[in-house]
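Structures follow.
Both of the next two complexes hold chain A, though its partner changes from chain B to chain C.
This part shows the complex of A and B:
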């Protein structure tokens, strides 16, 4: 029996685990969080289970059933609070076309080795675990990215993901009068979850202009219809939105948050096609919370550590089987492209099936294959309509904080790049300390890269250093690292 | 006179600056970006403590005298908006933790004392006054007040900015791919991916890639990469005040065993993180994570400072040291190809040794009296001869 490890138990990982089991593999499914479900199915702890779970969570019944099935399955080990802190790649796994003779003779030693810590991250006694599975499905998802603006470090400013997690997981209303802003179709569901926890949503501000939205969404509207559930789901949000009379404005961005101890108001402004703020259109809106999300950053560190190549858009490159450039490593969900829960489920199913020895040409994959192509189309249109445009840097001021961990502001970044004339990210990181704090550039990395590239002499960075490379994917104590786990 | 320098790491930057300030026209050619190679992938220790009496120690002490002066010059010249090079003579403490390790450490220090290094053996209570959180199991300790540090990437950028101000031209994104020779066989320029360049002399300062670059110029040097990895903890209040090494650091530097070696240097940075270095491995240019190496560094660090066991590691990084088989940098003209010069092979000490390397190379090239004996650094030295034959 093949032995498959699935890293990440969001929609993609859950679907992969189920498909790999159906195909007869022994499965280990793990997630750093204290339960499975991922970004999409944020849950309440069991002892606080809510009647309204179904209202807040789309597909909740399907999720709980899948979770129960996997938990009860003797051939599926589900590890919660399990952090993969490192992946070691060995030579034979590197290329798909490694000669079979070599694969056989190298045996155990030549596999990708996965290093795991099991137990709450702040707990004293985490257990170390090392796995060398036959195949791995990486389904580590993405987190939402907020572009900085003056005042975004104030308490009361949340990423949309964090706000939704509070709303879905903790049932906490983030504020009484809430502004939702950024870009992308997920602003609407976020606003909807906020309304359901009792917040008044003052407005949803989408930076992309309606013309871009139209050209992104509308050239082939029949595809939207074919994307069945997704269309319905979005329509559902729109209905709810209208019912609660939330103003939805396109071509508008939050360009500043005001307040001393916490947010009391924001300034919104019109932005042009390139997201450049248009002077004279600023307007102040009172709010005690702001939820902002402009894009997604895939969690690439494990895939990169395993040696997987990326595609041109910066996601993990996969073939029809969801197989990466590394022989025994598959990838599914948001790390291969942003496309929502249905796409993550379809990709996960294909990845799990193939990781367990199946192939994308197998009959049982007909439905997920069809779903994948439909939702990929949807994802492409979404990207065309909402992707970040370069003009946003127009709302930055010199004192806008960029790296919150190390408190580095925009002016300091630009000054260092200008003074040194450097186009080496490795060097500028060390000189400015941007991205060197506890989040290791997860929040600011892409922004720092952009600002430094723009400020330098060549308009781009010339070295191969990137924030996405984090050989240590989760912090661990030196004492834990020093312990032998063999 | 016009000179091409290949490589904009700290050594290339220091060489360019020294030459330009003496009136030489210099063009630096860099494949990627300045300060993107080894010089921003390691630590910035400027040490005398780890060097036994011999040519490297002589070069290290020369550099150690230059650094405070150069740090002042750079600060004045570049002004407060330029990132600080963070020169700090904080001193080092070398600690043995085993009975077997105590005597070699004290003997090593005694030999250094004889040639004038300020090496002060200290009792445990004195060591604990210097480093209150040090292990109580220390069996010997030596204090080196001369040991210092710089922030290596900023130091590279600063030397290069100062070189630019002295007229140096820096071409980034241009890779040297071959040499151009005169009819007489002299090297008169190089071919790069951005075109041909002519000069009276070419200096190779390509760090661990110097083996490859010299081979392209048909005068190969046996420079190989020797990998190193460093751990970085999260921020915390300062509890480590010097550079603190375990005693076998000294042993690892001198050896060329391919297997994994680690020797631990623990120190706090200005930002409040603790840096723990580093491993030494001959694995080519393979940059993949090796948990076994990290584990060993972590184990040695927690042996030196038991409180570190509870401190989270948030990052690891590393690079490739420019290793030469007889462990002495190559600085000076090539004896096989006229017009070719070397400034490379500094292994784990190139940050510290860079500024003296620049001065020495300038003096040799301009026919000035060098401040130290250049013979041990010559590419024609006997200890390098068998290795030159191997790569020929």
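This part shows the complex of A and C:
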């Protein structure tokens, strides 16, 4: 029996675990959070159950059923509060493209080693665990990407995901008068959740202009109709917006947050097709919370540590089997491309099945394969309609904080890049300290890469030292490492 | 207005009654609901920020809410740099806010570890 480790128990990981079990593998499914569900099915903790929690979710019954089945299955181990902190790079011979001379037989290969800590988040006495599975499915998902704007570091400015997580996971409303802004269909469920926590949503501001939205979403509508479920879900949000009369404005961005010790208002402005703010259109809107997300950033560090290659868009590259460039390492969900829950479920099913020894040509995968192609098409529309346009840098000022941890501002970054001949990310990081703080560049990494490339003499960076390469996926404590040698 | 809990009576999901959890924050006792994170308790007891940055002394609280940004870190039972948005509060937890300068090179795990003072036994 093959043993398959699934890292991340969001929609993709849950689907992978189920498919690998159906295919007969022994499965370990783990997540850093203290329950499964991922970002999509984030819910109240066990000791605060609710009779009607499904009201906050789509597909809630399917989720709880799947969770129960996996928990009860003797051949599936579900590890909660289990943080993977390192993956040891595998033998070069495991790489799919390794020259035949280097390709060893399965028995000779060193297995990929996964290091795990189990226990309360960032706690001291966590239990260490090391696994060497036959195959791995990486399904670590994504987090919000919020582009910096003056004042975004003020308390009361949140990512849209934070508002969502607090609403679904704790029933906490982030404010009374809330502005939701950024780009993408994700802003709609966030606004809906805020309304369900009793907040007044002052407005939802989408940066893309209606013409861009139309050219992304509308062509070949018969293809969109196939994505029935997602369409119904989005339509539900739109109905709710109308019922609560939330203004939804396109071509509009939050370009500044105001306040001293907390946010009290924002300035919104019209932006052009390239998201460049249009002078003279600024308007001040009072708010006590601001939730902003412009895109999602895949959580790549584990996949990169395992040796997986990325595609041109910066996501984990996979083949039809959801297999990465490393043999026996599969990937599914948002780390292979942002496409929402239906795509994550389909990819997870295919990845789990193949990781357990199946193949994408197997008959049982007919439905998930079809779903994958439908929702990939849906994802392309979403990208065409909402993806970050370069003009946003027009709302930056010299004193806009870019790296929140080390408090490096935009002016300092641009000056450093312009002054040095070496536009290497590595040296610029060291000289400015941008991205070297405690979050390890998770929040600012892609923004710093862009600003430095734009400001440098060559218009691009010379090296490809990505922020996503982190030898240790999460900060640990000395005691936790020290026990290694005992 | 600071963030607040949805009053259970008004909540469309009609949550079951939950027990209380008691912690202290900088010596002041705070009550939350069982299962809340430390960030949840801080937010709903009227705090929007609880950390000051090392360079500009600027206030910070929750930003990402999912364990990615580290803006929300606090000291829990003597252990520094615990992400308040990820850690469930346990009855009796002693939470202290953190304002001191961060280690010189926190991105380098080895220096961060030594600056952490071997917190493994905290």
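Structural remarks
By our rule, the second predicted complex is superposed on the first by the 466 of 486 C-alpha atoms of A that agree within 3 Å, B and C clash if a C-alpha of one lies under 4 Å from a C-alpha of the other, contacts with A are read in each partner's own complex, and residues count from 1 in each chain.
Throughout what follows, contacts are C-beta pairs under 8 Å (C-beta built on N, C-alpha and C of every residue); 3 or more make two chains touch, one makes a residue touch a chain.
Note that the structure is a prediction, hence the values are computed from the model and not measured.
By the touch criterion stated above, A:23 is placed in contact with neither chain B nor chain C. In the superposition on chain A, A:115 makes contact with chain B only, not with chain C. Legend: residue contacts after superposition of the two complexes on their common chain; A:400 is shown touching neither chain B nor chain C. Put chain B and chain C next to each other and count what each touches on chain A; the higher total goes to C. After overlaying the two complexes on the shared chain, residue contacts for A:442 are found with chain C alone; chain B is out of touch.
In the superposition on chain A, A:86 makes contact with chain B only, while chain C stays out of contact range.
Touch criterion met: A:420 reaches chain B, while chain C stays clear of it.
By the touch criterion defined above, A:32 reaches chain C but does not reach chain B. In the superposition on chain A, A:175 contacts chain C only, with no contact to chain B. Of the two partner chains placed by superposition, A:208 touches none, neither chain B nor chain C. Where the contact sets of chain A with chain B and with chain C meet, they give residues 406, 436-438, 440, 471-472, 475-479, 481-483.
Interface residues of chain A, counted against chain C in their complex, comprise 32-34, 39, 44-53, 55-56, 120-125, 143-144, 153-159, 161-166, 169-177, 196-198, 261-262, 288-289, 404-407, 435-443, 471-472, 475-483. On the side of chain C, the complex with chain A involves touching residues 1, 3-6, 10-16, 18-19, 33-37, 40, 43-44, 48-49, 53, 55-56, 58-71, 73, 76, 79, 81-83, 85-88, 90, 102, 105-107, 109, 112-114, 116-122. Within the complex formed with chain A, the chain B residues making contact are 32-36, 40-41, 78, 81-83, 151-154, 156-157, 161, 164, 172-173, 231-235, 271, 273, 276, 288-291, 294-295, 298-299, 301-302, 308-317. Those residues of chain A lying in contact with chain B across their complex are 86-89, 113, 115, 305, 307, 406, 415-416, 419-428, 430-433, 436-438, 440, 458, 461-465, 470-472, 475-479, 481-484.
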